[in-house]
Amino acid sequence: MASIEILDRSTMTERLYDGLVIDPGETAIIAIDMHRGHLDMDVATMPTKPEDARRVIGNAKRALDFARAQGVPVIHVILVYRKIPGLGSEGMKSHFWRALHELVTEEDRLTPGRRSTVNGHNLEGSPGTQIIPELLAPSDYVIDNKKRLDCFYGTDLKALLDTLGVKTVCLMGINTNTCVLNTSFTAFNHDFRVVVLSDCVGSMYGDDLHVLGLQNVARCLGWVVTNEQLIEKMRAGAPAQRAESRAPEKVPG
Amino acid sequence: MASIEILDRSTMTERLYDGLVIDPGETAIIAIDMHRGHLDMDVATMPTKPEDARRVIGNAKRALDFARAQGVPVIHVILVYRKIPGLGSEGMKSHFWRALHELVTEEDRLTPGRRSTVNGHNLEGSPGTQIIPELLAPSDYVIDNKKRLDCFYGTDLKALLDTLGVKTVCLMGINTNTCVLNTSFTAFNHDFRVVVLSDCVGSMYGDDLHVLGLQNVARCLGWVVTNEQLIEKMRAGAPAQRAESRAPEKVPG
Amino acid sequence: MASIEILDRSTMTERLYDGLVIDPGETAIIAIDMHRGHLDMDVATMPTKPEDARRVIGNAKRALDFARAQGVPVIHVILVYRKIPGLGSEGMKSHFWRALHELVTEEDRLTPGRRSTVNGHNLEGSPGTQIIPELLAPSDYVIDNKKRLDCFYGTDLKALLDTLGVKTVCLMGINTNTCVLNTSFTAFNHDFRVVVLSDCVGSMYGDDLHVLGLQNVARCLGWVVTNEQLIEKMRAGAPAQRAESRAPEKVPG
Amino acid sequence: MASIEILDRSTMTERLYDGLVIDPGETAIIAIDMHRGHLDMDVATMPTKPEDARRVIGNAKRALDFARAQGVPVIHVILVYRKIPGLGSEGMKSHFWRALHELVTEEDRLTPGRRSTVNGHNLEGSPGTQIIPELLAPSDYVIDNKKRLDCFYGTDLKALLDTLGVKTVCLMGINTNTCVLNTSFTAFNHDFRVVVLSDCVGSMYGDDLHVLGLQNVARCLGWVVTNEQLIEKMRAGAPAQRAESRAPEKVPG
């Protein structure tokens, strides 16, 4: 097995952390694919490791509860697939996923050592598409038509963030190195401030890609913070007049 | 310095490689940011390591020459920035890049141990925006308005690929873990077959993130091949009738 | 009242009509905002004229029934708004719609002589968001997160069309000169063949703009056909082998 | 020839005009396809009527000179086509344009009574792609990779507007009912305030579609103003502190 040295960039990332301001009044949490299809071992068709599921759900609940109490909106984005006659799930249009499906045994696909399937993953109406109940609150927004790896692709996420006046996005969810990383890239490209919550992400692809996903964000495009750091930064970033600054101009009638 | 074990997924990637078909008649090479701003140490404002620049230029030249001889179109996509009064370069609108600029010394930014600057990088008309001459042929297409990490973002790359009838994209260039990876993600999301040319990519951010970028592609969304493998696959993938299959319906008059 | 002469372009449009081929195997119907919020006078918050609603519903039902019988997929795209605390409906983020809301009486807004409201239009869960029942079949696809005038904007319509192998889109719905026309533009820009079904569209803004919408499509970007012409063209366009040509490559397992 | 009554919506549009504020500090002019390919009869391959060209150029020069004097940025967006081997111009990928090319004589295509060609229009390096010299100033921004009817499609226009802090776009150019209208739609969808400059637009497709294009904007999505009104609104909308409000946060070094 090859091993690789992680470059020490702490002098850079520490200075960047010191300069980070998270104003709850212009921040949203984006919770990515926090559904049973990844996180509930009873029904998951692309399961993370069970211990990752437990860790991520517990930490995400703490972060979400804190954020909601600060008035920070929470946006769930989840993948759901239609079945297309003659094709299978909408995911089967992908060359790579179809090749995996056709050529590789179920135990040796995306989730090493655990069975997974694109064609049977998160079909409309299946239990896998349900958001983990303890992570969902009535005030949350839900976007449930993600089709590929990027939460912005084919969804109204950008429009919703702009409507909410968001400038900083805090990302959590599954998988660190694909949907979270791809969404981080796109959020960066749209000039959002990108913060990835390291306690609240995990990867079904392997711990190495989880670590490298976080390294990639912290060294190239955004900030990686723990729950403790998130809370500290949100407390420090809240101006006294936060409540008003969130509110858009009032609508009469 | 932390070290991390790379998971061995060779049984999966070998089966995927065996199944890979690269038909030159529906393939394009996308050469990403192969400009002097990264690769010519005399003018680079975000330099790779000099030995990476030499390796990537040499290998890319061989791959491009072969591809062009097969009739495969080559599309260069490069980042060029306007200067905006009161702001600086268009890159300074990015929260992360601006924070780096303001908080971190030039030697400790994106390119560890080598000076770099976003605000001075690839301004319109500067030498950094020139494509490395030996990588550019008259028949190549050039897209020179990339502004962030994704070659598709704010460019006509998708339209050009569709106009050319491309289904498979082979990516090369700088940096493995940012522009190449971000473009791989988006190409995957658009249902292209994604092939990253490992001999022809490099990262100014560090070798660890270069390895990450390749691992992430090979295990999550596409194929990573050497020059030798590219040549083998292109030769095998060319049907006798390739020339016609590329040609769109004829235009009279 | 000003009156305006419509230019006679029949020699051009007739030749274009003669050359039009509609192959059911690569065609989809896009039914735009065929919901009660426009078409059911009991609940409509942006009502068309009642006689337009009757005409469009009746004709659309005939066209849809025919299309489904040919195996042509039907995609409903409808606008649905979240309520945003402090803002109102998501539509209130629009400068123009907000200005209308704040400055103009309900009877003199988008729908001349009939009351209308953006802020109360098609809120999540309201009856206005329901598709007119006789226009919806179990095999239809539904996209219900349209937020502005373009069916492609912030939705997965493009991805779904590509997944279905669609090259020709036939548009129906409300309003001829806004959502239908804007979607026609975008479909044209994406290089779809655009056909607007003149019997199945109408405009709450006025008959003049309905005529404009159709003229604009027929003279600048696509084809305008009646139900009778649609049926004729679909019958003529169906190759014997249609069933196979629709089917994507088979998926094992 | 059919004639059509234009609905009188003046009570609505007058109230909307009264409420319109154009703050030069957050406004940009978008000049659409103001090139010789439409406006210089000596080289135009899709010519407007000569009198429209004269009117539009003269009025646009006055509006642009005034705007620049207020510090309002001007962004030219123009269509330029590559030649693609085996296809012709990039425009020939469009089903509608190709059908016109193949089926209809040159005098009876898009520009009634005047010869036009998609396949020969605005090829890279041809004189048609040159912006009308009196409309171009050194401080203007130029985006020259528009490929279809929408100035946002496949370009970095959205990114540039955001970088400049623009909230209001004033549109001028050719053609009122296609590129100007399509760009108006997309700007509306992106929640810009849309203002179309009626003295500075024209249509090669016919006067009826020019009129209807303006009606469509004024009654459905934005404001239509004369040069005189533009000047009045810009003067009224400029706060004393305008200069600062434009300036983004300062960049050190």
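To keep things simple, chains are lettered A, B, C and D as they appear, and every chain counts its residues starting from 1.
Keep this in mind: contacts are C-beta pairs under 8 Å (C-beta built on N, C-alpha and C of every residue); 3 or more make two chains touch, one makes a residue touch a chain.
Worth saying up front: this structure is predicted, and the values here are computed from it rather than measured.
> Specify the chain most distant from subunit A by Cα centroid.
If we average the C-alpha coordinates per chain, D ends up farthest from subunit A.
> Call it same or different for subunit A and subunit B: same when shared residue numbers make up over half of all numbers used at their interface.
Result for this pair: same.
> Would you mind pulling out the distance in Å between where the CA atoms of subunit B average out and where those of subunit C do?
So the centre of subunit B lies 39 Å away from the centre of subunit C.
> How many angstrom lie between the centres of subunit A and subunit B, each centre taken as the mean Cα position?
Subunit A and subunit B have C-alpha centres separated by 26 Å.
> Give, as an integer number of Å, the spacing between the C-alpha centres of subunit C and subunit A.
About 34 Å, centre to centre.
> If a residue has to touch 2 or more other chains to count, which residues of subunit C qualify?
Where subunit C meets two or more other chains at a single residue, that happens at 93, 102, 148, 153, 162, 191.
> For subunit A, which residues are in contact with subunit B within the complex?
Listed in rising order, the residues of subunit A that touch subunit B are 1-9, 11-12, 15-16, 18-20, 93-96, 99-100, 102-104, 108-110, 112, 148-150, 153, 167-168, 177-178, 181-182, 185-186, 188-189, 191-194, 205-209, 211-213, 215-216, 219-223.
> Going by the contact rule at the top, pick out the subunit C residues touching subunit A in the complex.
82, 84-88, 90, 92-93, 98, 101-102, 119, 141, 143, 145, 147-148, 153-156, 158-160, 162-164, 246-248, 250-253
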